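What follows is a pair of complexes built around chain A, which joins chain B in one and chain C in the other.
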Partner chain A sequence: MEEGGVNVIDLTQADESFVKELEALGADELRECIQCGKCGATCPMALAGLEFFIKRIVHAANLGLRDILLEDSSVWGCQSCNRCVEICPMDVKPYELIQAIRRAAMKVESCPANTYEGLRNLYRFGHAVYPKGYEERRKKAGLPEKPPTAISYDELRKKYQEILRNTILEEIAPFPLD
Partner chain B sequence: MDKTGKPACQICEKGIPPKGIQGCPADAIKFDDKDEYINLKVGAVIIATGFKPMSKHYFKEYSPHSPDVITSMEFERILSATGPTGGELKRPSDGTKPKTIAMVSCVGSRDERYHPYCSKVCCMYMLKHARILKEKYPDIKLYLFFIDVRTAGKDFEEFYVYTRELGVKVIKGGRVSSVDVKPNGKLRVRAFDSDLCAPVELDADMVVLATAIEPPDGVEELGSMFTATCGREGFLREVHTKLYPVETQARGVFIAGCVQGPKDIPESIAQARAAASATAALVIPGKIKFEAIISEVDRDKCSSCGVCVPLCPYTAIRIVEYKGKEKAYIEPALCAGCGVCASACPSKAIKFNGFTTEQIMAQIDALTEA
Partner chain C sequence: MKKIGFFLGCNIPFNRPDVEYSARYLLNELGYEIVELEGATCCPAFGTMPSLDLVGWAAASAWNLTIAEEKGVDIVTGCGSCYGSLNEARHHMEKHPEVKEQVNKILSKVGKEYKGTVKVWNFINFLYEDVGLEKLKSKIKHNLNGLKCAVQTGCHNLWPSKAYPTNEDNTFFPTRLREICEAMGGVAPHYSTITDCCGMGALRSTASEKSLNLFKKKLDVIKEEIDPDITVMGCSSCLLQFDAGQALLVEQKKLNYKIPALHIVQLAAIAMGADPEKATVLASIPLNGVITKIKGGN
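Coming up: the complex of A and B.
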């Protein structure tokens, strides 16, 4: 999006292959959307004021506006509440579209920096959110140094990492998978 | 774009001699037939003149001077196998195949400057054109600009969803504001997309305008010939939308199809059949029942002034000879019982049955008796 002035969207730049890509990435009923707006009325992203909430995302995806969708960070704001999937009258599965756009964005490394941070944490520790330096605080509170989650079970964590290495993560991870 | 300019094939007349195919063996076709006028005496008339598509030239904002900006009716001809291009999709300006086509709805409809009504069929035929194109040329880019998509009716919404699934792009809340010809011959289309909440632009090779359905030329004169009246929009008016949908206020004159208002083919056919049944019900019995509440002339009192003749909205009054003098005569089959003539007659020669002076005076007396 340009800064200042009116943001005119040039449909000439629209790319039908992007629609096909999203369909292949899981949003296979995307084209059935009739823009009734039911999802937009329940989406927390819309309530939170994100510029590209679910209804606009579906429409932009249908038009094949690749650049707009990949440059805007709204899809990463999705809370995965799945309300849109439950109420969609056309069975478009809007949440699947969000996931498809995220997959497409990962392929071209077009996602916010904290996404990578979360991804790295997920791979290393088994948690997307991993606050640093909590060991001391846990000790003070009389807790074991590490919480009883994936981080405490090295062997299981290695197995889990091996599974992840067999996914597309192997190709697209912007950090070493060691 | 009306005619193909190709000579007729004449197969039905001459056959294909090398293949041994003869022309019509039943000799059922008159090849030398010509237009002629036939005078008929009839008991009822159905007016079904159809409509006129609006011309693109009213819409200066859509660059009507460009040959690549065409109306849907012209586009229909381009798509037709017997059309000027033999069914091949070509740009009228340079004959190249367009890659991007924009279609604009509500051109002249839902517009106070031209026609405030909805032309009803445009949404569906735009989708039809889009579907034909997309099935024939899957790579073509189609953008349909609607104010909103009106697909009411059986199977229509399914048609709409199916067309969307083919990859036709639907822009809603966006009647196109302008079409400009760019120096490279492309057409720059500007609109607003309310689903994107943003203004949009598009470079199209061709723009198709779904222009409004208009009443045909001269329908008002035709209507007044039959004493059928036109509504505010210029279409002939039915007596009652629900109870008398094919009747006009003139008895024996019926209407069907787009002369009554914009409608699609199934509706026109249904209305035509209704008009045909109404006509048959009127004509076949050979007798007509008419209302008791009609006017009558006491011809002995009539002074032959003729005041009543032009006043009658149903042309029921004629001057005919009676006892060697010209006197007014009211045709009971045409009289609708409005009473205009009775109140206007200076000689009080016209009796309005059911509302005679004595009857009305008696009613007033009864009401004012305290």
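Coming up: the complex of A and C.
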């Protein structure tokens, strides 16, 4: 997977069924886009220099360019900041398109490795971010070694895991949910 | 005594527990009883369940929201992403009753039900509205003594505004965090890139160098336009970028100045008499000058 890999749009790749898939995954106003570019002008990904920023992603999505969208890593660099949602004059909700693309990509295991790490931590510990050495840091701040979250309550954590097992995670996780 | 549920998330309790210490000190000083949300988990983070599907995301968030519902309290969080993820999930369930229904089907397997009665605050809006600037002022022991603050509200604390129960008058010109710093005796001018993203988060994990360059651009503008004593955050993830991220830029010789960074709860706690050592013990950028200035203000 590389970033910014889209410079030529190949219309023979257009696939209407992918547009429908994205609409079903949350990008329901996708076709309202008028390519005004306002989302791109406010997007931190664009400001940071990722080539395939949000306006182009909306364009490619409307054309149903499945392979390009699933292979490019830019959608995983999205900050979930919702500036684009706030500013879009057509209420396309571009960020919800980003999520839809990620959801489509997860189904075919086309996502960066650290996505699985976060999911595995979320399932095992109840925390996506679970860095080593935190007990020491907490002691320095004069706090008990463990916070009163799911990490301190085995029974509650098991219930949370049961909830996650009843979601789509059960189908998608490439690691055992035990 | 007013009660409030303190939602920890992950980064605050595990990476910056000095922020947790400060938030607890601050809430106590302001006369709130902190209700522990036992068994709370990750909000969940945007790169996890929200990137899988809407119902899974909403169910994972609803787990956290119901803990507060069962205790009859609202929630406050120091992390912008937690504020965003929990509020957006809440908003989706409110707008789509069928999502809420599916979530409740899942929750019922562990004997829970999501009603939708909880309000999720961030510390900026909580201090601004629930506490109020007058009360905040009245609790200050060490006036900030003209400390010059560059504020960083954080994107998730502003957008999508439709998901938030309260917000700035103009989200592209935020003033609440500035007003809070000024109420405590600081000076907090506007600057041109005040709403720019700091680059922490998915961008930092996907394109680390571009993320840090984006952050450096913002820092350079802050330095040039207001040259502050300190930067003040409304979000713990922004704090990781402004503190540890800044230290990394210095180490890589890409930055030749250092501006200390604190979360608003740290600054407010110190102003209310918290032990500055404990309140900032995990900061990478040294704070010495700042503490002296605050302590000299009384």
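Criterion: the second predicted complex is superposed on the first by the 158 of 178 C-alpha atoms of A that agree within 3 Å, B and C clash if a C-alpha of one lies under 4 Å from a C-alpha of the other, contacts with A are read in each partner's own complex, and residues count from 1 in each chain.
Here, a residue touches a chain if its C-beta (ideal position, glycine included) is under 8 Å from a C-beta of that chain, and two chains touch if they have at least 3 such contacts.
Since we're looking at a predicted model, the values are computed, not measured.
Once chain A is used to superpose the two complexes, chain B occupies space next to chain C without a clash.
Using the contact criterion defined above for the overlaid structures, shared-chain residue A:Gln35 touches chain B, although it does not reach chain C. Of the two partner chains, neither chain B nor chain C is touched by A:Pro176. Counting the residues of chain A touched by each of chain B and chain C gives the higher count for C. Touch criterion met: A:Leu143 reaches chain C, while chain B stays clear of it. Look at A:Leu11: by the touch rule set out above, it reaches chain B but stays clear of chain C. Taking the C-alpha centre of chain A as the apex, the lines running to the C-alpha centres of chain B and chain C meet at 110 degrees, rounded to a multiple of 10.
In the superposition on chain A, A:Lys55 contacts chain B only, with no contact to chain C. When the shared chain is aligned, chain B comes close enough to touch A:Val19, but chain C does not.
Per the superposed model, the minimal spacing between any CA atom of chain B and any CA atom of chain C is 19 Å. Those residues of chain B that touch chain A in the shared complex are 100, 141, 143, 160-161, 164-167, 169-172, 193, 195-203. Listing the residues of chain A that touch chain B in their complex gives 6-12, 14, 16, 19, 31-35, 55-56, 59-60, 62-63, 90. Chain C contributes residues 8, 10-11, 13-18, 20-21, 36-42, 44-56, 59-60, 63, 81, 84, 106-107, 109-110, 155-156, 158-161, 171, 196-197, 199, 201-203, 205-207, 210-211, 213-214, 217, 278, 281-282 to its touches with chain A in the complex. Residue ranges on chain A touching chain C, taken from their complex, read 3, 25-26, 44-45, 47-50, 73-74, 76-83, 85-86, 95, 99, 102-103, 106, 111-112, 114-115, 118-119, 122, 126-131, 134, 137-138, 140-143, 147-150, 152-153, 156-157, 159-160, 162-164, 166-169, 172.
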